[in-house]
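Going by the order they are written in, the chains are A, B, C and D; count residues from 1 in each one.
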Amino acid sequence: MPDDPPSRLTDAWRFCVGTGRFDLALRRDYQESLALVQREIGFRHIRGHGLLSDGVGVHRPYELRGTRHVRHVFTYVDQVIDAYLDLGIAPFLELGFMPSGLASGGQTVFWWQGNVTPPRSWQEWAALVRATVTHLVDRYGLDQVRTWPIEVWNEPNLKEFWLDADQDAYHRLYEVTANTVKDVDASLQVGGPAISPGSDEWLVRFADFVAERSLPIDFVSRHAYTSGPAQHVPFGVHQTLAPPSRLLEQFATPRRQLRGGPLADLPVHITEFNSSYRPDNPIHDTAFHAAYLAPVLAAGGDLADSFSYWTFSDVFEEAGVPASLFHGGFGLLTHRQIKKPAYHLYAFMARMGEEILARGQDHLVTRDDAGRVTALAWAPVDVTGGPPVDGHTVRLSIPVSSPSGRAFLLRSSVSEEKGNAWRAWCEMGRPASPRSRQLDALREAAEPVRGHRSLPIEDGRVALDITLDRHEVTLLEITPVVDETSPWGDRWDDRRLLGLDEEAAP
Amino acid sequence: MPDDPPSRLTDAWRFCVGTGRFDLALRRDYQESLALVQREIGFRHIRGHGLLSDGVGVHRPYELRGTRHVRHVFTYVDQVIDAYLDLGIAPFLELGFMPSGLASGGQTVFWWQGNVTPPRSWQEWAALVRATVTHLVDRYGLDQVRTWPIEVWNEPNLKEFWLDADQDAYHRLYEVTANTVKDVDASLQVGGPAISPGSDEWLVRFADFVAERSLPIDFVSRHAYTSGPAQHVPFGVHQTLAPPSRLLEQFATPRRQLRGGPLADLPVHITEFNSSYRPDNPIHDTAFHAAYLAPVLAAGGDLADSFSYWTFSDVFEEAGVPASLFHGGFGLLTHRQIKKPAYHLYAFMARMGEEILARGQDHLVTRDDAGRVTALAWAPVDVTGGPPVDGHTVRLSIPVSSPSGRAFLLRSSVSEEKGNAWRAWCEMGRPASPRSRQLDALREAAEPVRGHRSLPIEDGRVALDITLDRHEVTLLEITPVVDETSPWGDRWDDRRLLGLDEEAAP
Amino acid sequence: MPDDPPSRLTDAWRFCVGTGRFDLALRRDYQESLALVQREIGFRHIRGHGLLSDGVGVHRPYELRGTRHVRHVFTYVDQVIDAYLDLGIAPFLELGFMPSGLASGGQTVFWWQGNVTPPRSWQEWAALVRATVTHLVDRYGLDQVRTWPIEVWNEPNLKEFWLDADQDAYHRLYEVTANTVKDVDASLQVGGPAISPGSDEWLVRFADFVAERSLPIDFVSRHAYTSGPAQHVPFGVHQTLAPPSRLLEQFATPRRQLRGGPLADLPVHITEFNSSYRPDNPIHDTAFHAAYLAPVLAAGGDLADSFSYWTFSDVFEEAGVPASLFHGGFGLLTHRQIKKPAYHLYAFMARMGEEILARGQDHLVTRDDAGRVTALAWAPVDVTGGPPVDGHTVRLSIPVSSPSGRAFLLRSSVSEEKGNAWRAWCEMGRPASPRSRQLDALREAAEPVRGHRSLPIEDGRVALDITLDRHEVTLLEITPVVDETSPWGDRWDDRRLLGLDEEAAP
Amino acid sequence: MPDDPPSRLTDAWRFCVGTGRFDLALRRDYQESLALVQREIGFRHIRGHGLLSDGVGVHRPYELRGTRHVRHVFTYVDQVIDAYLDLGIAPFLELGFMPSGLASGGQTVFWWQGNVTPPRSWQEWAALVRATVTHLVDRYGLDQVRTWPIEVWNEPNLKEFWLDADQDAYHRLYEVTANTVKDVDASLQVGGPAISPGSDEWLVRFADFVAERSLPIDFVSRHAYTSGPAQHVPFGVHQTLAPPSRLLEQFATPRRQLRGGPLADLPVHITEFNSSYRPDNPIHDTAFHAAYLAPVLAAGGDLADSFSYWTFSDVFEEAGVPASLFHGGFGLLTHRQIKKPAYHLYAFMARMGEEILARGQDHLVTRDDAGRVTALAWAPVDVTGGPPVDGHTVRLSIPVSSPSGRAFLLRSSVSEEKGNAWRAWCEMGRPASPRSRQLDALREAAEPVRGHRSLPIEDGRVALDITLDRHEVTLLEITPVVDETSPWGDRWDDRRLLGLDEEAAP
């Protein structure tokens, strides 16, 4: 954490969120989940794979009088983006993967078979990119589309995602694509190389290539994950994790690598991040995970212009149809909108203000423009397998807008015992496809536990001693009290209310 | 409590609920509150005053060619009853008060000025009753309307509600009205005398009168309240309360009084009950109140065919427009749907089964047709002003449908500290008309606190030792676990999940 | 109509709309109606009576220790204004009538008994105004409230609305009120005198008074109606009407009267207008009425800064509870949201553009910023009782954005035979309180009839010869066609589709 | 048509409707379309392909300790069926196609690649069927599931749908499957063989096989289509059609074929029917199509127990992602819920009564239990390409429940010119993916045109002379008028309403 933290909490933590493949957005469960996320969190952009893959049906070759033609079809593209905009979220476009009718080979990635080979015709690829971007500008307007970053492909440094992980071939793809995008309109934003961790050298070579050829580039992007190798069991995986600080280090890498070069001032987007990169690691479902991510959300904005949680929902099919309600999916929400602890971490962040009043290893205190003070605190996590920490304490002295009087504190918490639907689901016997009544119980178990108190203000500050449960993340909302108690207080006496003794009267 | 309790929990507790005057049902806040109540509680009938009062506009005299005529107008009657039926609730009709165009005098009750004098023409009154009942049968069908009890007037034993509390005049009103109703259709249900506590002798005289004249009667009704005299302060009142058993005694009175007489077998409806009869007594807003009512809801069905909580919502104007969000109103819900502890008591009751497995001074255990076991437990209340009881314990041994294995327990609680929005509101400084953000905080503070555990089943039973907070009412939902944990458990190990040590693994 | 019409269609026609008394806005039917109106029309402000009358419960005197105090209660004020803002409409505040606890006499207006006497204490009145305005600024923010015009009282020139129609007393009321409003914040907008037609001299005297005393004033207001004296029958009224041009003349009066004086440049708000001022004149329900109002909406914005249709909904009780679904109420919508022809006139206006391309006695042609061209045309009405005009023709030459090709025309019409629910209701036997199925049929009968055609563009214009039915108002939406017919048209042939002969192929 | 038609209109026309593949039901557009269909039409069951195909993810082989296991996963099955039941529709289960992990070969059908080869293990197939049916019974209850017909495979008589169209192999599939279903519970309904037109001999052989082996069978099923061979163009097809009577003949075939044999009394379900079997034939979008289907819906119930329109929505992907809003899809609704004329035919049918009063070549007259009389009339269609018929007349004499007085007629029509969104879309230039405003215009253009009149009743009948536009289908709803016109009619006079002359007064 920098010595002298910036005084503003930027939107980097909610600039973007990840999603399963593009056409999953046609689903009702997906859209209801996104609506909930937007109501309580409010991301700005959404990014996923598969815009140009066969399931979306954009690239449609046909024969007429013996000649090959291609029709570009936007039936689903428009349905999805219309829905996004209705929900107050805009695309972060990822151009990929390859339509099978344009692919040079048959290699695919994922259960849903995204083709990862280069185009067999660069001209037809450019026509596809041009038609797509032009269509979006026509339909949604240039003012709108120029705010949508356009990223070229996904993780080309991995053989799974790009044939032979051939960097030169990627550079050609970038050149053709970026030039085509800019040809539609020079104000559109294009970037790359969207690399996964473990190939940091790619970015340096990519920067050199772009600079040498004076190619258009408006941002650079990479991903960040902290899990070790996967030990598979059926429908699941065991992995180790590096500590959360390792995520922040990865966020910081692009600026460090580009410092002093021609791309030094470009925005840096971490277009995917999570602990584990596996969609079947139960860590994603746990209270541990929220506490693990809390310091990352609190500090990540110092290091990158955005970091996009991979992904907002378990409506996701890279490893096939999920076999159980909880299955270690990336989602902040399960199918049918059960909130995981990490969901609440994001919802808590959404109640923070823009001005940072204090920040530490286990807390962040902010104030919004209306003067409301909010604090987030979290318990430390141990990735070494040591005994979990119970009863971690945080001591805060919170400045408020009144010099004296009282403040109202509303505290919302998730932890191993609170707001932890995964634990309730385990206790229920891990039902693969819970019944309606079980889903209701899980929804109730998933709610944060709320507490409230009235606290004295002294010298314009409220003193708070917070004790945190195991893996607790807690939101503290503090508001100075405007006392509207009636002027006939001498006639009214709470102590005469049955059940309220002297001490208990509020 | 009877030695040998009946084995079924009847619908008496939810057969009916009270409401503010008829035309308040046109309001959006009212209908949204009722929709919520119906979703989570599900009352069968709803009863309030004012169907025939001026605000509903039914009785409309006019002159034509020098002669007086009366038009009967059902614009609002239909809007309200249409809305009720859409929400799955049916009227419990109360015929009253007197339209000013038909009244023999000017005496009114309440801020909204219901006229409480006899009709100046019995013929015109009978025509009004006939037109109203006939219209309802025409619009909603006889099959529907014959399930709606029709009660003649309200609390005629009080001077405030019936001129001079003249019982003979009431008997005449009953005779004319009951005969008219039966004249529309003999299968309609009519009853009375809807008396308030304190005039028990009225029922005996009324029964004699009805029997002597062989008048139609399908049910008898009375009210039950337990508060002492009011000591007023501006916008509020202090009152003592009798213990909750006093409510049960009042419920039992009609059957006792009528035993052996010709009306002995009639259904008994307690058409209003509450602790205090004042709409400005803050006791209604408290956790104490839920604990006070719990034994009444658990046992009342043994003593009467229904007992109707007065009232479901604070949308209520007998003492004028409420001056503050919390103001001691009768409602289970405040304006804008903040749930009071008593709301949750009713919502907990709505999750109980029909078969009573056990019942005691502080608990009720039931099972539903699907075999789900539910227990309600409550802390004792002290109406003498003694120190409140903290940490009351309840020990239960709950039979479940499996002989062994484990059961999932979901516990939901309200108490002084949990799910108590009134206390949060006091801590906030008692804002008369809270802002949107404050309403959100109150809604969050109003939710029951949930906990869950996995418990061993031994010999087909689950042992529960419950400790109750001050004024706690708690719902325990117990479901035997069908374990779907995967057969590759030897490859999967929760203990390898970070943050879950041996003991903490679910 | 001016010789040289302005080229912009201002928002004057939708700057404000009238409503029944303030507390009716608590109703569900009211709010659903307003939601519909806002979705399809989109007014900016809403103005009605009764903010300070007893039903809203703002002014609440009480005694404490023998002294009179007044509490100001905003429970309902906040519920209503919260709802307005949620629906995208803001108040046009009218300060009145007198709370009974502050009134100097007992005279009331309307079935709902608004007290129309001066305050018995000017100081307590000023305190009431100050508390109300201050509360609104606190809750909604000054930026918001300063956009809400604040009008002092209603039609003080009529004895029904202001004791003895005493202009000097009104001047005092204005002075105290305007000064108090400005004392809360000088940027708030205050105005008057909200006079009815027939007392034009009031405005001159009022202007002199304000100028002499240098009182604050931000706008002047008056009303406009065109009906003759009422001949009453039970639950209805017969009246003659002046031609629609008489409404425009009234709109023009204030600017004419104030020309050259110190108030000459103030905004002029016609804070009420309609044909008949009676809420029981069936003319409001007819197709005639839409055709009558059409030229007023098309031209009124040249003459005043706003003209507010009195009222958007039949949820209205000045003459008591409406006795029948259609009853001659002012509403654009009946109870339960049946659309009257005048509703559609407003909905058609809401689809017009801002740029006026042409305007005449029977038409208005506009273009919006996106280049879409829209025309409104209407049949002439005869207020003398002469035979109605059938088959009026309008010939238009509409400029579009393409020089050639084709344009798509969508035409929507209401007339005696089309989209006229009142006529269907009459044919149904005028059911006072229609059943659900009848309401469905009325809703279907209330929809405009739609037609569409493809028209040739010649020299950048589309020629339209429109024939209008009796009392027809028609909206023509014209869009140049971008032909996406597929390039394999030689292989596809619509004429081979069954049922489509040469001529019928689209 | 039979000489002596049955007097009841059965539910056969709405017993079932077709749908695109099972997992499309997860989509929001699909569910919103189905919700609309259920609100206005109300089908009982829904049938489509693909329950067991890979996209639903039921059959999930995995290895554990070197052994193959299969997990059965119902994540999506439950989401879809939960949604169906919420929408008031139940599955008509079709067991197929083959999971790729169980398939004996690689042959697939459709763009979405349903595998059509027999199982490589009959035991694993039986386990899959058993697990699926058992799961459904567990989750939804036997009372529910026994009302869901279970059909074995789809069109096994076609090589495209079943390897080599091998009837013996199908018989084995039927035997294993039917026995397994009955093994779960004997009360479940199982049937087949779901053959397409053109292989009528299959049913005879199938019946013999089933009877010989005494196999369980609860219903027989087949399909009906009337189109000739396809002449393809890009993204479309031209076909001839047989007249609608040919559909009725196909409906009648199974009963005729089975007459006298052991399966003679079984229910016959036409589990698919339409004119063309191609999802890219624009005939489905036309007004012609509604008129073509009208006599089939009116008479089909005499010949079969159900006939299921293929399909309710254009959300359908057998030929790939639809390339344009209108594309000749089967749907009653397009994507985004534009209603086609055939939709309205079904919605009109949903307003018919159960008692048939009259029936002819161009009309059907019914009465419902409440005495409401409804008539459907349709223009004749010509499938030979002859000139379309304009102005076809139908003369009806409709019995109503009153001997005299007047009746209210509401008429709703679709035809070439009315309620025909496809024509409007053509006039718009056939936009592949219309903008929001264009969709609004299409929705308006898609509404039936409504008219209404008051008609005299003479001798208990209403005489109607109806003239039909080209390809018109019209619904006539006739209700006797209960006249509530006020008794002061001599004081009120409609003729004094402006614009209403003697003749025009309603």
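Rule of thumb we're sticking to: contacts are C-beta pairs under 8 Å (C-beta built on N, C-alpha and C of every residue); 3 or more make two chains touch, one makes a residue touch a chain.
Every value quoted in this text rests on a predicted model; they were computed, and no experiment measured them.
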Subject >> Interchain contact steps from chain A to chain C (minimum; 1 if touching) >> reply: 1
Original post:
Where are there more C-beta contacts: A-B or B-C?
Top reply: A-B
Subject >> Length of the line joining the C-alpha centres of chain A and chain B, rounded to whole Å >> reply: 46
Subject >> Where chain B and chain C are represented by their mean Cα positions, the distance between them in whole Å >> reply: 43
**OP:** Going through chain A residue by residue, note those that touch at least 2 other chains and give them in order.
**Re:** 64, 69, 234-235, 324, 432, 488, 491
**OP:** Going by the contact rule at the top, pick out the chain C residues touching chain D in the complex.
**Re:** 233-236, 238, 241, 282-283, 286-288, 291-292, 324, 372, 381-383, 385, 387-388, 406, 408, 410, 412, 416-417, 423-424, 426-432, 437, 441, 444-445, 447, 449-454, 470-471, 477, 479, 481-486, 488, 491-494, 496-501, 504, 506
Subject >> List of chain C residues in touch with chain A within their complex >> reply: 64, 69, 487-488, 491
**OP:** Sort out for me which residues of chain C touch chain B in the complex.
**Re:** 26-31, 55-57, 60, 62-64, 69, 71, 73-76, 78-79, 82-83, 139, 234-235, 320-325, 335-336, 432-433, 435-436
